[in-house]
Amino acid sequence: MNNHLHHEERGLAADVKQTTSVAAEKCYQCGKCSAGCPVASEMDLPPSLVMRMLQTNRPENDEKLLRSKTIWLCLSCEMCISRCPMSIDIPKVMDFLRRRSRDEGKVTDRAKDIVAFHDSFLLSVEKTGKLYELGLIAAYKMKTLHLMQDVTVAPEMIQKGKLHFIPEMVKNRKNIAQIFKKTIKAKN
Amino acid sequence: MDNVKKRAAELLKSEAVKVVIGYTMGTNGKPRAAFIQNAEDVDSLIFNAQCVQNLAVYLSKAEIKQLGKPAIVAPLNVLRAIIQLASEMQIQENELIVLGVSPDGELIDFQNFSAIEKYLEDFNMEVDAKEKETLEKISSMSLEERWKFWNEELAECFKCYACRAACPMCYCHKCAVEQNKPQWIPVAAHRLGNLEWHIMRAMHLAGRCVNCDACHEACPKGINLNFLTKLMLNDAQEEFGYTGVTLKEGNLLSTFKTNDQENFIQ
Amino acid sequence: MNEFEPKIVAFVCNWCTYAGADLTGTSRIKYATNVKIVRFPCTGRIDFMLLLKAFSEGADGIIISGCHPNDCHYTSGNFHARRRWVMFRSLLDFMGIDVRRIQFSWVSAAEGAKWAEIVNSTVETVRELGPYSDYQKVADFLKTEVENG
Amino acid sequence: MIKIGFYPGCSLTGSSREYAESVIALCEAFNIELKQIPDWNCCGATAAHNLDKELSLALPARILALAEQNGMTEIVVPCAACYNRLSVTEHTLNADEQLRARISEIIEMPYEGTVKILNVIQMLQKYVVNELANKIVAPFDHKVACYYGCLLVRPHEILQFDRVEDPQTIDEMLKLVGAQPVDWAFKTECCGAGFSVSQPDIVGKLSGKIVKDAVDRGAEAMVVACPMCHANLDMRRPAINSYLKTTIDIPVLYVTQVLGLALGISREKLGLQRHFVPVKF
Amino acid sequence: MSRIGVFVCHCGENISATVDVEKVAQAAAGFDDVVHSVDYKYMCSDPGQTLIKQAIKEHNLTGVVVAACSPRMHEPTFRKACAEAGLNGYMCEMTNLREHCSWVHDRTEETTEKAIDLVRMLVEKVKNNKPLEPILVPITKTALVIGGGIAGIQTSLDIANCGHKVILVEKEPSIGGHMSQLSETFPTLDCSQCILTPRMVEVAQHPNIELITYAELDSLEGYIGNFKAKIRKKAKSVDHSVCTGCGDCWGKCPSKKIPSEFNAGLGSRTAIYVPFPQAVPNKPVIDKSNCNYYQKGKCKICEKFCKPGAIRFDQEDEIVEAEVGAVVVTTGFDVVKPEFFPEYGYGKYKDVITGLQFERLASASGPTLGEIRRPSDEKVPEKVVFIACAGSRDPAKGINYCSKICCMYTAKHAMLYQHKVHTGKSFVFYMDIRAAGKNYDEFVRRAIEEDKVNYIRGRVSTVYEKDGKLIVKGADTLMNGEPIEIEADMVVLASAGISNPGSEELAQKLHVSYDRYKFFAEAHPKLKPVETNTAGIFLAGACQAPKDIPETVGMASGAASKVAALFSQPELKREPLIAVVNRQMPPVFSSCVGCFLCETACPYNAIGREEIKDRNGNVIKTLARVNEGLCQGCGTCVAFCRTKSIDIQGFSNEQMYSEVMALLND
């Protein structure tokens, strides 16, 4: 009878709420998250602004969020939520926005190095079941063409016995492959 | 059961109690209540799965009270009723000795009511899965079907009040159904009187019923009236997190939470 | 007028809804004549048996209304009432009694307009449901008894 | 002999092998046998949970399920990042039965949620602390800045380790071996974590602030319990120095290395030679 | 047999315009037992009332139904008229033909039909009415005021000035409360002590006020007009009837390093002490927990130096009993404790202080004599950061509410600082500025515009100390969340106001309710702000929620006037519309079976137990019994009672049943 009293919720904020149970409307913009965030000064949108933009529920703001650098700069250090007076799980929101941004092909160019690193990392895990650090660095360099980066560090690591030339492998690699197939690959 | 008999005999001999309320074998081959006043008679006490009558009902009966301090053979149902009765100030610790019996007939000692309460925590008072299925089956009928179902079910009732007499929680001296100023419920056993009687009974047992099914067992017409109280029990658990009998003061309907559901209120 | 005119009884508390309905009057907001108000001190006072009586005596619909949570004149009468209604509604529904005919609401002393809306919407709902002859039939003998003296 | 399950994680077999070496050396000294979880895999780290929720749960769940399969009830996870991922997974799946069933299906093995996960500090507290005093041969008489980072203490609701502001567990433990912890402000600030490779500039800046504060307060060494923190503070020292426009040579030790030194375990066994910033103690 | 009269009012044309009132009167005349039925233009007018009175006499009426306006309007009028004609007032009922009928419907046949139905309902109800008498309760005309802050002081003075006795109980050695700690008060910046101390002295000298300091309420029993209080006087170890307050003792006391409560920990006091120089009474007590003699068995220096010989080491706590007719709770508030702000380093860094501590720094009677000097090194701070909402509006830490006073006192603090340190810079981190009140917003604007306080909108994330500075990390949310770091010399936290420790326990002793934050709950959030849900117990000040001085004083006078109104009557007359438990002849006594579930359902603790005893004194039966003084007549117990043993006068089962039956049986 009183259906008309309930607003139908739509838009990014509604998706955030549905997937993560984080309610953007709880934020009252005190800014404690932005004040404590270690990378806030590098971000195009500080965390409190991310919450505000979700609250506006406007498509153009949703779009800006998904194309922001902020979501990729977030380190998931959880400083924000540990001090948030409303216990709003911003890291969870960031996780959601990153996934959505990637799913919709909206990853900003400014974050391509970061995404390339994640991809290289997961590639290594998918192939070997573990992180093969030398392989990771090689793959990352190929993806980003940062060929000269860390040319001094790597030899020293090898010298200190910190890098293996042969990857360690999980025995049941089929199992690992299945896991990737059923999760991240099922969607891409 | 031997320990129970032994203890009963001791209690009677030492005159710690005047009567032991327990089960014995009836002439029809079914267990019935026994009121043993002599230590020599304790051997007639029995306990088995057929002992379903809730003996706690006798604790508030004047005839039994006259006999003097009782001990009572108490399986789960009786224990629950004792705690509920205690929370409603109907019995006191020093007026009664409880001979707890486990499902396999072993004696369980209880120092006090709190110990019973604690023991009961391990036994969820829940509507069992099969009964829940029945509740759901009825609930899933259409409104008209449900109406018809209960009208037919209750049509059998001739208001003998055996259900009330068997219920340990129906200890009121003057039941509301007997009030005549005003006459809330018509006296005769016709459809309206039956309907109103059973609605009132279920409401009065909401949050108090110990789910012993004594009412159903006692009904000469075999009416499934216990499903009304089972519904109340189920609702109490689902809506208000009711966990069963407790010595705490207050009751499901005499207490509240400020965030109780109200989605049906405009 | 051939259309069915439902009989509706309203059980309301003195402090909020009764006063709210007074405000409907002083604001001259019109509503259907089908509803008659019975005044109680508090929703906590409303005996569930009275609802049954109303149906058996021919009511087609019932409105129950009182103070909003936390506004009860007696602090908590409405909270007790609410809990009782949750159980009672469920029981009636289970037994095939049409709970759509019982409208529960919170109407404060300031909500004169809301009272009119509640009355009108309840009248409409019950009008669509038709007379509650199912229940009244169960009570038919009452009339016969009276007629037979 | 105490036996505990052991999840080293990828870093401890590669870039942070000295952490593994020192953990093992310390456990040997206290008669603790660490039993590796057979056929363990990577926990997925930041990459997985940045890109896919189910993957980020499935990889740790496989590890925990393998531990269960092998009858382990308690595992020690020295890497703070792995400890965090494993704990979050355990907590999430224990709270959501449906999700647990789904993840079980993905990893193709049952997961019950029965394994207790300890970080290295918790393991030390439980099995080592009481005997520590008796075994000290060379008190670590230095001023230290104990650095906890993010992953050991947050989210507090799940990890329930120490307090979230100004934690003290490592400080207290090091006092037992003669160290003097300094009171400083960056104990739980983020070092840049997973940006070690992709955003070295940010790492230089964040870690730079941390290192500078430690030095400013007179610390002679920084003590960590996380290979990522170690990598950023130690291996990325050039980036730090270039951000600070100075050269800082404060060494970064794992908590197990400090305890090991106090017990007289050899520098080689503790892997001190593997550090980028030389350790001169 | 009932003889009912029906009186239908036209209300000018208000009713008669849409309702055919004559037809209603005619129809009513045909109802069973109605012996008289008339309509009239204005029933409430003098001639209208006379009409009713005459009819009562002429027709020997046993019940009256006035069909007119809302009973909420004129029920007392008509009940009084009936009583004047010799008919018990409670035999009169009103039915609402105006608000519930004529004003909300058009003129149709249905409207008149409805009016007839409404009259029939009330006729049937009134047939079941019973004559009732008002309940008379005696009143002890002494008030107990608990808490001697500004709320308790104001309440006590107001009641005492009405000529009634007051017992004022204060748990500290002196009255004065938090207000005595304040430096200057917003928005006028007048000196707190200057306006407070004269009132403290007035309390001490008032012939109607008995001041009991260093004491707490032990228990309270009884009901409105008739409470019995037990008050625990803590041992002062000093005989105040002998002591002259000369100060020799505290001058010689060797325990000098005890943090002073009055100075919020910034100064110290001795073990034998008066909390502050203007204390009332200005005589010391010994704080046993810090006294060398009590703790170590040796010292007694104070005794040696006390010329009048007033020291009493053997004094013990004493319980005194008092009979009082009303209680006013004025126990005030507290501020959150250090462990609340680990991220701000409160408790760890000396120069992170609370607003209350800043008050002491700014106060001329404080440890720095009013100079703003930071606690760590007594230097004058050049940069001060004020953090608003420190704890308030922080559900993560368990405080959802706004503490209400912080915006104003923070503006005041910044202003005072700027006035005292002209070269200083002050920053206020705030979320919203809540300055609703007379001259309040103007005050905040003055701080910003004239005193150049820098207001930054954003919450501080953390404060840490480095090189003697406090680094404050915040963000400016009006600048897109731009991070800000300020190197401050001192940080002042506008700490959240919280309920006093022990308030829950006190509420339980008093049987009054409290909210989730342990603040005392008022009886009605709008219309009964100074009453509790227990009749005869009132509230004033910050024990109900954080509030400022003007609001506290207003509330205190409000509570005092409620007490005075109560005491102005010789006896308490209460509407008899209360619950009663039925009584029957022995051996039944009552249909009540004593399950006492009504006891928990009663919002007023009005249901007690009554034991029926036989001649030998043995208890035969225990019944529920309604305390007439406490019952407010909600009737929740009635709907709850399975055996219908408890009923409510004026809305009884028979009355309501008849009303419902009449409505439908046409």
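A, B, C, D and E label the chains in the order they appear, each numbered from 1.
Everything below uses one rule, namely that a residue touches a chain if its C-beta (ideal position, glycine included) is under 8 Å from a C-beta of that chain, and two chains touch if they have at least 3 such contacts.
Keep in mind that what you see is a predicted model, and the values were worked out from it rather than measured.
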> Which chains are in contact with both chain B and chain E?
Replying inline: C
> Which one chain sits nearest the middle, judging by mean Cα positions?
Replying inline: E
> So which chain is farthest from chain D, going by the mean of the CA atoms in each chain?
Replying inline: C
> More C-beta pairs touching across which pair, A-D or B-C?
Replying inline: A-D
> In whole angstrom, what separates the CA-based centres of chain C and chain D?
Replying inline: 66
> Just curious, how far off is chain B from chain A if you go by their C-alpha centres, in Å?
Replying inline: 59
> So how far apart, in whole Å, are chain A and chain C when each is placed at the average of its C-alpha atoms?
Replying inline: 55
> In angstrom, rounded to a whole number, how far apart do the mean CA points of chain A and chain E lie?
Replying inline: 52
>> Can you pull out the residues of chain D that are in contact with at least two other chains?
In response: 164
>> Can you pull out the residues of chain E that are in contact with at least two other chains?
In response: 343, 462, 601, 640, 653, 657
> Of all residues in chain A, which are in touch with two or more distinct other chains?
Replying inline: 1, 79
> Taking all chains into account, which pairs touch?
Replying inline: A-D, A-E, B-C, B-E, C-E, D-E
> In their shared complex, at which residues does chain E touch chain B?
Replying inline: 588, 591, 593-601, 622, 640, 642-644, 653-654, 657-658
> Quick one: in the complex, what on chain D touches chain E?
Replying inline: 163-166, 185, 213, 216
> Tell me, which parts of chain C touch chain B in their complex?
Replying inline: 48-49, 52-53, 56, 69-70, 76, 79-80, 82-98, 103-106, 118, 134, 138-139, 141-142
> So in the complex, which bits of chain C are touching chain E?
Replying inline: 5, 7, 9, 14, 18-19, 21-26, 28-31, 33, 36-42, 44-48, 50, 53-54, 57-59, 70-71, 73-77, 80-81, 84, 116
> Considering the complex alone, what residue numbers of chain D touch chain A?
Replying inline: 10-11, 13-17, 39-42, 44-55, 58-59, 62, 105-108, 150, 154-156, 164, 188-190, 192-195, 197-200, 202, 206, 235, 238, 273-276
